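Shared between the two complexes below is subunit A, which has subunit B as its partner in the first and subunit C in the second.
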Partner chain A sequence: MRAFQILIDGFAISALYALGATGFTLIFGVSGVLNLSHGAIMVAAAVAAWAAASIFNVGTYAGALIGVAVALVAAFATYFAVVKPIQDSRRIPNEEKEIFVLTGTLLWGIMIQELIAYFFTNNAKTVLPIVEGVVDVLGVRTPKNEIFTAIVCCLVIALLWLLVNRTRTGKAVLAASMNPRGVTLLGLELTNIYIVVWGIYGVLAGIAGVLLGMFLGVSSYSVGPLTASAFSIVVLGGLGSVSGSLIAAFVVGYLETLTAYLVSPAYRTIPALLLLVFVMYIRPQGLLGRR
Partner chain B sequence: MASFFTSRLFFISVALVIIAATLPLYVSGYVLGLLTVAFYFGVFAMAWDLLFGFAGEVNFGPTFLIGVGAYTAGILNAQFGWSVYLCIVLGALASVVAGFVLALPALRVRGPYFGLTTLVAVLMLQNFIVVFADLTGGEIGLTIPDVITINAGANYWIALGFMTISAAILYGLSQSPVGLVLQASGQDPVQAGALGFNIVKHKLAAFIVSAFFSGLSGALLVFYFGTASVGTVVDVAVGVNVIVSAVLGGRRTVLGAALGAIFLIVAGEFLRPTGELATFIVSAVALLVVLFFPGGFLGAALSREARS
Partner chain C sequence: MNKALSGALRSALGAAATGALLAASSPAFAADPIKIGVIAEAQAIAGASIPQAAQLAADEINANGGVDGRKIEIIGYDNHSSSADSVRAFQRAVNEDKVNIVIASYISEVVLALEPWASRLKTPFVTPGAASNEISKSVHSDYEKNKYTFHGYLTSAALALSVCDGAKDLLVDKMHMKTAVIMSEDAAWTKPLDVGYEECLPKIGLKVLDHIRFSPDTTDFTPIFNKIEGAKPDVIITGISHVGVQPTVQWKNQQVPIPMFGISSQATNETFGKDTNNAAEGVLYQGVSGPGVAVTPKSVPFAENFKKKFGNYPSYAGYTAYDEVYYIADAVKRAGSTDADKLVDALEKTDWEGTIGRVQFYGKDDPFTHSIKYGKGLITGLMLQWQDGKQSAVWPKDVAKVDIKFPSFIKLSN
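== the complex of A and B ==
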C-alpha cells in the first residue's frame, strides 16, 4: 500500500523534474549556457496561467496555453536581452563569458521574480487543474491531476525525442551540440539553431511550470529552489546529456519521495544533496556526461 | 608594488578612508549603521574576488564560508558563553577549515561542476542549521547575548578599520608574486604547472585566505547584529549579493569589490521608498553594468586612466 503510494507519487514528481531539467540541459548541450533564470521562467509560466484562469476567467485550457506562451516569450527575452549580448560582446574575454552568462541570467531571474512579487504578491498560487477528482490506482487514492501530470510529462519528453532525432531541425540541433564549427561549415546558421533551442526550451519550461503550478503550487519564493534542483539534476546526469538528466530526475525524485515518506518531510532534500556530492567526488562528469 | 604607493588609486583610496573615518562626527547613527553592514559586506566581496578573479574558481557559495564563521562564533557565545574575542577568532578558524573542505572538490572538478558543489555546500549548511535547531536556533535565528560594543560610532570604526586592513592585505596579496602565480594558475593551470609552480598549494592558500577573511567578517557581523540567522549570513540570496557586488565593482580588482558592496547596500537603502521594486531596480542596474561595462566601476575607471 505504502510502497505503491511512494511509487506513484514519486513517479509524478520525477516526471515533472525530468521535464523541467530537459530544456535546461538541452541549452547547455547546444550552446554551453547555464540559464540561472530557469526557475523564474517556470514560475512566470505558472503565475501567468493562474492569473489568466483565476483573475481574467479565460478557462483552464486557455490559461495553461497563456502560461506556456509567457514562458516562450520569457525564454526569447532571456536569449536576446541577456545571453546573446554577452556572447557577442567584444569587451568580455572569451574565457570569462561563462561567469558573465551565469551572473547575467541570475540577475535577470531576480528581476522576473521581483516583478512577479510586485504585481501578484509573494503568496503561493495553485493553478486550477485541467482534470479534477481522484481515482483508485492499485489501492491508492490518487488525484487525477497527478496522473495527468505524469502522462503529459512523458508525452512531451517523447515528442522532444522525436523532434530531436527524427526531424531535420532536430538533427541540426543535435549536430550543433556535438560540433558547432562543423555545423557552420555545412552552411547552417548557428544563431538560428540557438533560437530554435531557446524556443524548445521556453515551451518545455512553460509546460513544466504550469504543471508544477497545478500539482504543487508556486510562489515567487520557489524560483531559487527550482533553479537549484534543475541545476543539480542536470549535473548529476551529466551536463548536456538529455538521457542522463532523465535518469537523474527519477533518482532524485524517488529519493526525495522515499525520504519524505519514510523519514520525515523536513529531511526531504538532504539525501539527494549527499548523493550529488558523492557523485561529484567519484565521477565528476556526472552519470552519463562526457568531457 | 612600489609604483602603487605613488599611483592615483593609492591617493584616492587613502583620501576615501580618511573621509570615511570622520563620518561619525557629523552623520546620524542610522547612516553609520548602514555603512557598518556595508563595510562587512565589502570584505565578503573582496574575499570572493580573490577566489574568482585570481584563482579562477567560480564559488557560488560564499555564504558557506561566511555562515560557518558566523554560526561558529555565534553558537560558542550563545551556548557556551565564551568571550566575544575568543569566539571571533574561533569562528575565523572554523571558516578556514570550511575553506579547506571546499577546496578539495575544486582541485578535482572545474567550472560549472565546482560552482554546483559550492552551491550544494550552502544548501547543506542551511539544512544542517534547520535540522539542528536546538543548537543553532533553526529558522528563527540565534540570539547572541554579547556584543562588541553598542556605540554606533565605535562599531563603525571597527568595521571601517577591519575593511581597510583586509583590503590592504588582500590587495597586496593580489599584486604580489603569489597573486600573479594564482592568476596564472586560474587562467591556464597546465602551463602554470609546467613553469614549475605548485598550483595545488597556491589554490589551497587562496581558499584559506578567502575563508579566513569571510569567516572573520561573518563573525564580526554576528556580534554587530546580535543575532545570527539563515536569512542574513547563509541564504543563497546573500551569496548572490556578494557575487553581484564583486562583478559590479570590477572583478580582479579586489578594491572594486568593496566599492560594489557599499554601492549595493546604500542603493538598496535609497530605493526603499520604491518599496518592493527596490531589488528589481538594483538587479536591473547591475545587469546593465554587466552588459555594458563588463569591467565594473573600478575596471572602467582604471581603463580610462590607462588610456589617457
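== the complex of A and C ==
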C-alpha cells in the first residue's frame, strides 16, 4: 500500500520535474545559456493562470492557455532583452559572456519575482485544476489532477522528442547543439534557431508552471527553489543532455518522495542534494553528459 | 529710555503670550503630530492588513480632532517579511523619522529581532500579530531593559488554550471526537504552541496520536496528509501561518477525510477564499474577531469600514493593529506626553475595549509581562469556519451565527 503510494506520488512529481528541466537543458544544449530566470518564468505562468481564472473569471482552460502564453512572452523577453544584447555586445569579452548571461538572467528573474510579489502578494496561489475529484488507483486515493499532470508531462515530452527528431526545424536545432558553426555554414541563421528554441522553452516552462500551480501551488518564494531544482537536475543528468535530464528528474523525484515518506517531510530535499555532490565527485560531467 | 525699553519688552511679551494662546486654542497650530511607525509584511496575506488598519484608525482619530489637538501620523515601512529589513526600518523610524512608538509585524522571528532594538533605542513597540511566548517572557526576565516591548496579541500559550477551549465544546462535547494529530510548521511561534497543545488536548479528552512538524518551505503536503491519515485521528489540529494556501488546497484536492481545526493565520484574511479557489471550505480556524462577529460593539463597524476602504475584510492582525493605534492614542492622552518612559507607564495601565475584546496587559510580576490578558470578560478568541465562501463564527455560543458544516469528502468517525 505504502509502496504504491510512493510509486504514484513519485511519478507525478518526477514527470513535472522532467518537464520543467527539459526546456532548461535544451537552451543550454543549443545556445550555451544557463537561464537563471527559469523559476520566475514558471511562477509567472502559474500566477497568470490563477489571476486569469480567479480574478478575471475567464475559465479554467482559457486561464491555463493564458498562463502558457505569458511564459512564452516572458521567455522571448528574456532572450531579446537580456540574453541577446549580452551575446551581441562587443564591449563584453567573449570569455566573460557566460558570466554576464548568468548574472543578467538571475537579476531578470529577481525582477519578475518582485513584480509578482508586488502585484499579487507573496502568498501562494493555486490554479484551479482542469479535472477535479479523486480515483482509486491500486488502493491509493489519487487526485485525478495528479494523473492528468503525469499524462500531460509525458505527452509533451513525447511531442518534443518527435519535434526534435522528426522535423526539419527540430533537426536544425539538434545540429546547432552539436556544431553551431557547421549550421551557419549550411546557410541557416543561428539567431532563427535560437528564437525557435526559446519559443519551445517558453511553452515547456509555461506548461510546467501551470501544472505545478494546479498540483502543488506556487508563490513568489518558489522562484529560487524552482530554478535551483531545475539546475541540479540538469547538472545531475549532464548539462545539455535531454535524456540525462529526464533520468535525473525521476531519480530526484523518487528520492525526494522516498525521503518524505520514509524519513520525514522536513528532510525531503537533502538526499537529492547529497547525491548531486557525490556525482560531482565521481562523474563531474553528470550521468549522461558529453563534456 | 528705560521706560521705552520696558514698554517694548512688555508688548513683545504680550505678543508671545497671545501667540501661545492662539497656538493652544487652534488645532491647526498645535504641537507636533504623534508619529507611529508601522513596520509590516505588506506583501503577505496576514501582514497586509496591518498598515491599512493602522491608517484607518489614525484617520478616524484625526477626524475627531486628534489627541489633545495633536494629529496622529502613520509612517509605513514594508519589511518584505525579513528580520534584517525590519531592524533597518526600526532604526530609520526612530533615528530619522523620529517616531514616538512603533507597531510591527505578525512574524515572531521579526518581533524577537526588533525587541532588543526597542530597548536600545528606548522606543515603545507593540506587535499586532506575533505569538511567541519569548516576546513577553523577555520583558519579564529583564523588565528595566525590555519594558518598551508590548505584546498586543495572544501568546502561543494563550492561543493553544483558546483552541483547546473551542475544541472541547465543539469537537469533544458535540461531536464526541477522541483523537487528534497535531500538524504545525517549524517556526518560533509554534514551539510554545505545540507545548500548549500537547498539554491541553489530553486534558479536554483528545488523545494526541502523532505530532508532525514540517518545514515552512514545504510545497508538497501529500506525504504529510498520508501519514496523518495512517494514524486515523478524528481531527487535525493545525498550527500554520507561514503556509496556508498550499496545505489547504492539497487537503481538498486529495480529499483528506479529516477536518482541520486550529490556528491558520492566512485563513483569517478574506482573500484566502480566492487564493485557494474556495478549497478553504470547511476549514476551522481560531481568530480574535471576524467579519460580522460582534465581539464588541466596535468589531463589526471596523470590519465593514475596512472592507469599504480596502476591498476586503481584515486579517486578524488588522483588528489588533486598529485597536493598538486607539489605545496608543489613549495612553498618550493619559500620559500627557509622548516621552517613552511615561508612555510605557501609561500603556501598562491600558484598559481599552477594542474590536477584539477588552485589552489589558499582564504586569511586571506575571510570567508574560506586557502580553494582553486572556480570559472571560477580556479576550477569549473565537473559532470560525469557512462556509459558502465566507468566514462565519461557530464558537463561543454567544457570537456563533451558524453550526459547523463540512464538505462532503470529510468523513466524521462518529
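One rule holds in what follows: the second predicted complex is superposed on the first by the 291 of 291 C-alpha atoms of A that agree within 3 Å, B and C clash if a C-alpha of one lies under 4 Å from a C-alpha of the other, contacts with A are read in each partner's own complex, and residues count from 1 in each chain.
Just so it is clear, a contact is a pair of C-beta atoms (placed from the backbone, for glycine too) under 8 Å apart; a residue touches a chain by one contact, two chains touch by 3 or more.
The model shown is predicted, which means the values in this text are computed figures rather than measured ones.
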Once the structures are superposed on A, label A:T169 by its partner contacts, choosing first (subunit B), second (subunit C), both or neither. neither
On the A-aligned overlay, A:I270 touches which partner chain: subunit B = first, subunit C = second, or both, or neither? first
* To do: Go through the superposed model and pick first if A:P284 touches only subunit B, second if only subunit C, both, or neither.
  => first
>> Quick check on the superposed pair: does A:S54 touch subunit B, subunit C, both, or neither? Answer first, second, both or neither.
In response: second
_With both complexes overlaid on chain A, does A:A117 touch subunit B (first), subunit C (second), both or neither?_
both
TODO: Based on the superposed arrangement, let me know which partner A:V235 touches: subunit B (first), subunit C (second), both, or neither?
DONE: first
In the overlaid three-chain picture, which partner chain does A:S243 touch, first (subunit B) or second (subunit C), both, or neither? neither
Touch check for A:E95: first (subunit B), second (subunit C), both, or neither? first
Subunit A positions within both the subunit B interface and the subunit C interface are 117-118, 266
The answer for subunit A against subunit B in the complex is residues 34, 82, 85-86, 89, 91-92, 95, 98-100, 102-104, 106-108, 110-111, 114-115, 117-118, 224, 228, 231-232, 235, 239, 266-267, 269-270, 273-274, 276-277, 280-281, 284-285
Note: in the complex, subunit B contacts subunit A through residues 52, 58, 105, 108-109, 111-113, 115-117, 119-120, 123-124, 127, 130-131, 187, 236-237, 240, 243-244, 247, 276-277, 279-280, 283-284, 286-287, 290-291, 294-295
Within their complex, subunit A touches subunit C through residues 5, 9, 13, 53-55, 117-118, 121-129, 132-134, 141, 143, 145, 216-222, 225, 257, 260-261, 265-266, 268
Listed in rising order, subunit C residues that touch subunit A in their complex are 43-45, 48, 81, 186, 212-215, 217-224, 226-227, 243-246, 249-250, 253-255, 266, 274-277, 279
